[in-house]
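Each chain gets a letter, A, B, C and D, in the order it is written, and its residues are counted from 1.
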Amino acid sequence: MIVIMKAASSDSDIAHVMKILENQGLSGHLSRGVERTVIGVLGGVTPNGAPGSLGGLNPTLGETLEALPNVESVIRVSKPYKLASREFHPENTIVEVSAACVEGGVVRIGGKEVVMMAGPCTVESEKQLMTTAEAVRKQGAVILRGGAFKPSTSPYGFRGLGEEGLKLLAKARDEFGMAIITEVMTPTDVAMVSEYADILQIGTRNMQNYMLLDEVGRSNRPAVLKRGMSSTFEEWLLAAEYILSQGNRNVILCERGIRTFEKTTRNTMDISAFPLTKILSHLPIISDPSQGTGRRDLVGPMSLASVAAGADALLIEVHPNPDEALKDGAQSLTIEQFSTLMPQLHAVANAVGRTLITG
Amino acid sequence: MIVIMKAASSDSDIAHVMKILENQGLSGHLSRGVERTVIGVLGGVTPNGAPGSLGGLNPTLGETLEALPNVESVIRVSKPYKLASREFHPENTIVEVSAACVEGGVVRIGGKEVVMMAGPCTVESEKQLMTTAEAVRKQGAVILRGGAFKPSTSPYGFRGLGEEGLKLLAKARDEFGMAIITEVMTPTDVAMVSEYADILQIGTRNMQNYMLLDEVGRSNRPAVLKRGMSSTFEEWLLAAEYILSQGNRNVILCERGIRTFEKTTRNTMDISAFPLTKILSHLPIISDPSQGTGRRDLVGPMSLASVAAGADALLIEVHPNPDEALKDGAQSLTIEQFSTLMPQLHAVANAVGRTLITG
Amino acid sequence: MIVIMKAASSDSDIAHVMKILENQGLSGHLSRGVERTVIGVLGGVTPNGAPGSLGGLNPTLGETLEALPNVESVIRVSKPYKLASREFHPENTIVEVSAACVEGGVVRIGGKEVVMMAGPCTVESEKQLMTTAEAVRKQGAVILRGGAFKPSTSPYGFRGLGEEGLKLLAKARDEFGMAIITEVMTPTDVAMVSEYADILQIGTRNMQNYMLLDEVGRSNRPAVLKRGMSSTFEEWLLAAEYILSQGNRNVILCERGIRTFEKTTRNTMDISAFPLTKILSHLPIISDPSQGTGRRDLVGPMSLASVAAGADALLIEVHPNPDEALKDGAQSLTIEQFSTLMPQLHAVANAVGRTLITG
Amino acid sequence: MIVIMKAASSDSDIAHVMKILENQGLSGHLSRGVERTVIGVLGGVTPNGAPGSLGGLNPTLGETLEALPNVESVIRVSKPYKLASREFHPENTIVEVSAACVEGGVVRIGGKEVVMMAGPCTVESEKQLMTTAEAVRKQGAVILRGGAFKPSTSPYGFRGLGEEGLKLLAKARDEFGMAIITEVMTPTDVAMVSEYADILQIGTRNMQNYMLLDEVGRSNRPAVLKRGMSSTFEEWLLAAEYILSQGNRNVILCERGIRTFEKTTRNTMDISAFPLTKILSHLPIISDPSQGTGRRDLVGPMSLASVAAGADALLIEVHPNPDEALKDGAQSLTIEQFSTLMPQLHAVANAVGRTLITG
């Protein structure tokens, strides 16, 4: 940490900072420039950067120092996340999920292959789910998405079929050999959802639901962590760190659009998240262009853009009859549109040296 | 609901919309203009606007229609919230909380009086809490704030003393006669926190934690609902509607700053929230300038601005020694600063025709 | 236009609205629903939607009505731009620019071919410009970019070589046969810059510099209009409408990133702008991933994503020695990096059915 | 400046940074920590901080260094603005404007007195202007606002009466003794507008129109500089620095709302701008709640909040008949509403130890 003093700082201001550092078991290294005095803070992090080593260090120390009289600003030198950081874990993490439909029975997310996860926004009925699963499987999807527990902005909206929906998903898995991804919304549901799901999904509104993150961290299920709708990269990776630090290393990030001033699209997809999180982190990152745009007519182009920019998988909403969907019909592709998109995705994946795995 | 067709729409496009409406038990009223055809949607909401009346209506119908070919846009005519709306409940809601320190033993939030809620960000120790409680009570605060369960962006940060902290808060209540407000973070904690707290606080990260909202709605405790850091007024009032629709009518809104491009302050306080939510809703609204700015040197001016604009109460972080605080020291006032602020608040409250209640 | 009244509106409130419409030469068509009364506004726009037809209509009428007592909201049915709208001009506009280096001597922007515009952020010296121009031309760029007049956030920053820089650009055109694109910042410079430039660039800070837009509209040079850093699609297309309505139909849109809460990248590139403006408008749209990200390590992936999503051209900063650049070195590719990128772009362009033209 | 290297940086990475610094005439001071190496940059700014001293220093050097391999980040220690900074100019700047209607004939902005600037958004006719001027003067406004050159988002909107409007403003000044503030939009108009105006206004869209800032800097007229709709405090103060560095020291800042995700209000007023710019700068700062909210029903409360938070003046739109205004009628107060607001403003100004000057 580096503390930058204001031009007007006195010796006693500086001594005050040094005293606070000392109280925290740290020491300060003073460097006086023509215009500014700068204090380098030593101690508090061990060489291996293990989280445990932060034990004695108050994580809001920086803010406390910044509020002192005649402190101009405080600069953090180390990243606040370790387990999620590429710097301390240079190799890509590859998350493996069982799926009978692929050769070898295992789908790898985060490697050379690009993976298609598709299905309805919400599980509505056995017929709707089975029709969709069969169709998307036929086109090459290997993971089936479908919500049984659904966040709804309005209390009067449809909130999903609950465990009944999970059972339908399990049935689809048995029938089509696809792995299942579905959302879990509260800590007490983690165990139950894990009985049916191959991948747990944590939604954008729950990215900082810390008790949920803790519980998912204690489970042994791969987890997709969606970016909070106004979360910075640092906050997102710190949320991943919650799960990782509980022992679950199978975390997959998911860009699903951020909230901006622009309202023509539901969200603004931050496509730079794909190359950028690859620089900052070793975790796989996937794309949700359905939520990311909220508009069916943009899902195709944004899927192609995601793969071109480095996304490891796509999570796409497909509905056999979107006009009758109970939820988010506006952003669901028809089966026909999905079938048109797949060959385009193969072509773009190949153009950037990857392969779209289809089982 | 009003459906606006594109200039290029054909008779069959219009028929498609009419068919979908019919399937939902609604009817459409066609109006052809020179440039556009417009379809008014009839049915689906009863005259008294009770939420139950939305039963059969798909809340995402609008988005579904908007995604149809040659539909330009869909306009919602009714507000999606009812119980939180001023239109259906013209009188101000006044939330009453017991506090031995005031005359009559009851604090009223949402009426003519302005209320001071103050205390440490986080309960750290008995001494810290009691010192702060005594000092802020002496200056006129009638409600004591203090976090026992604390959300922390980093998994390595301090997450509060838990139930131990709640017991200290209860002790402070007994000693100083103040009511207690404290945060609850997960549904399974609602009953336990309610044993100790007079007011439950739902934090910004949990504004859309729907299972928590449901549970708080089933409790009988007044609840402060902080605005999500990137939530619109409509989303915020829909979150309030979750609590209200479960039967708990004692909901208090809290503006605590929103996330914008500006980083010199932690958040950007939306002071217009005070007069605006008074127009849209009947619920009380309070101000959290500590979280709203993240800077001690701005808490005073933003407290004055909040009261000038119509806030019903202030929620302010005070610490006997902020430089040593375990959390958010940078935004905590010292006891001396708090003592300086109180007479200024009295003056501004009086200037806008209100009174700062001090017990 | 549609006026939606509040539930509480009286007959006299409605009469007030009708009176105002009448004063503007319009008429209102009343429709009373169970919960709301809705007034459809007739008149004010001619069938062909020509801008002249808006003559008598006050463009802020909607806002005026919205501020009346018991008006809930006002909905605009027609788009405020006409000449820029796809609805009134269904075929793609293709902008032609002369460039000796391509077969036939003409580059077409907005058709099947994808075009590379590259060069230094700022013209610094003859040697720097010629070296860069030669290198990017060799790799297939057909348009040369380079700033002679540069906006600088600080008054103490480098503001470009001015006309001297333009002369160097003209020299590079003579030598390498590339067309020239360069920025114009103020109305009085338009004629002079047009002497040297094949394409005028209007920067993000000037997107709503209306006198500049007027003047560029009166010139006969193709113009690239960058999106304002916090401009909506509607504002952007209205700015294009300024130029179009003065008679210059050769307008090219350019997405260069918008301002959001996220600070890890300089801006957040809105990749959905490529497919979305193709839906809303007939104008070509190009991508500036250098400004869009501010980071050299993201320029390549975001270029690929732009082409995958439908961009008609790329505008990329290249510098022979970015570490010594006078401006924006951090986002400039080296010549080597540019050479690596070009074959990847060919592959992605082909994958989406287009061709990267290289002369 | 401080350069922070990545954990993985090698000696040659560090040598590369040192070399670049040397080429710029700077030197680096190396400090190796357990986890990071940090390089302090010396030189480049003289002790008095005069802008001239930045001469040889490349203002984008920081970004260039940040893009090098194994550089983690670069921290700027000095503020990029000097003349606008409180640190180098501790006393408040008070801008004086002549106005016959006040005792002594001079209005002071930035001192103990709070000043009311009011009038129509746009000068529409002699009758409209004179009626408004007379009414607001009677209530205590001492400066008359009114646009003669108006920015309009649409090319088909009303763009003002031009010089004819300026002449009407001059006439109002003669009649009522008020000073005049009006907008100037392009460099070539500065001299002409200065003939009629006592204060030049630079609008939000032109905050970074650098040639306009230069020209206003060369005039001798006080200037109100509105915050760009998505400008940070630093960018705003750098824009002020443009004017100041040309010799015009009479710069007044104006908060008029920023663009955020929230659309219920036209903009989100950043009320913290009042106390914050007082900390960062010595320049006066005023409030424009009309543009800041876009809603007449919020102008009153936001005016009170602005004064409570420290605004030096208010700039308010008033129209004798807002329903018939040619522009921004929705945010204009009626004369009656203005008359109701003034006594409330007196009370709040007094509550915070100031006086509303009324002549």
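A few notes on this one:
In this section, contacts are C-beta pairs under 8 Å (C-beta built on N, C-alpha and C of every residue); 3 or more make two chains touch, one makes a residue touch a chain.
This structure is a prediction, so every number in the text was calculated from the model and none was measured.
The chain pair with the larger count of C-beta pairs in contact, out of A-D and A-B, is A-B.
Comparing the centres of all chains, each the average of its CA atoms, the largest separation from subunit C belongs to B.
In terms of their C-alpha centroids, the spacing between subunit A and subunit C amounts to 32 Å. Centre-to-centre separation between subunit A and subunit D, using Cα means, comes to 39 Å. A separation of 27 Å divides the Cα centre of subunit A from that of subunit B. Across the assembly, subunit C contributes 230, 259-261, 263, 297 as residues in contact with two or more other chains. Of all residues in subunit D, only 230, 232-234, 258, 260-265, 268-272, 274-276, 279, 293, 297-298, 300-302, 304-310, 344, 347-348, 350-352 touch subunit B in the complex they form.
For subunit A in complex with subunit D, the residues that touch the partner chain are 2, 4, 6-8, 29, 31, 33-36, 38, 40, 42, 45-47, 49, 72, 75, 77-78, 87-88, 230, 259-261, 263. If you check the complex, the residues on subunit B that touch subunit A are 20, 23, 51, 54, 58-60, 63-64, 66-68, 80-81, 151-159, 185-188, 205-206, 208-213, 229-230, 235, 238, 241-242, 245, 259, 294-297, 322-331.
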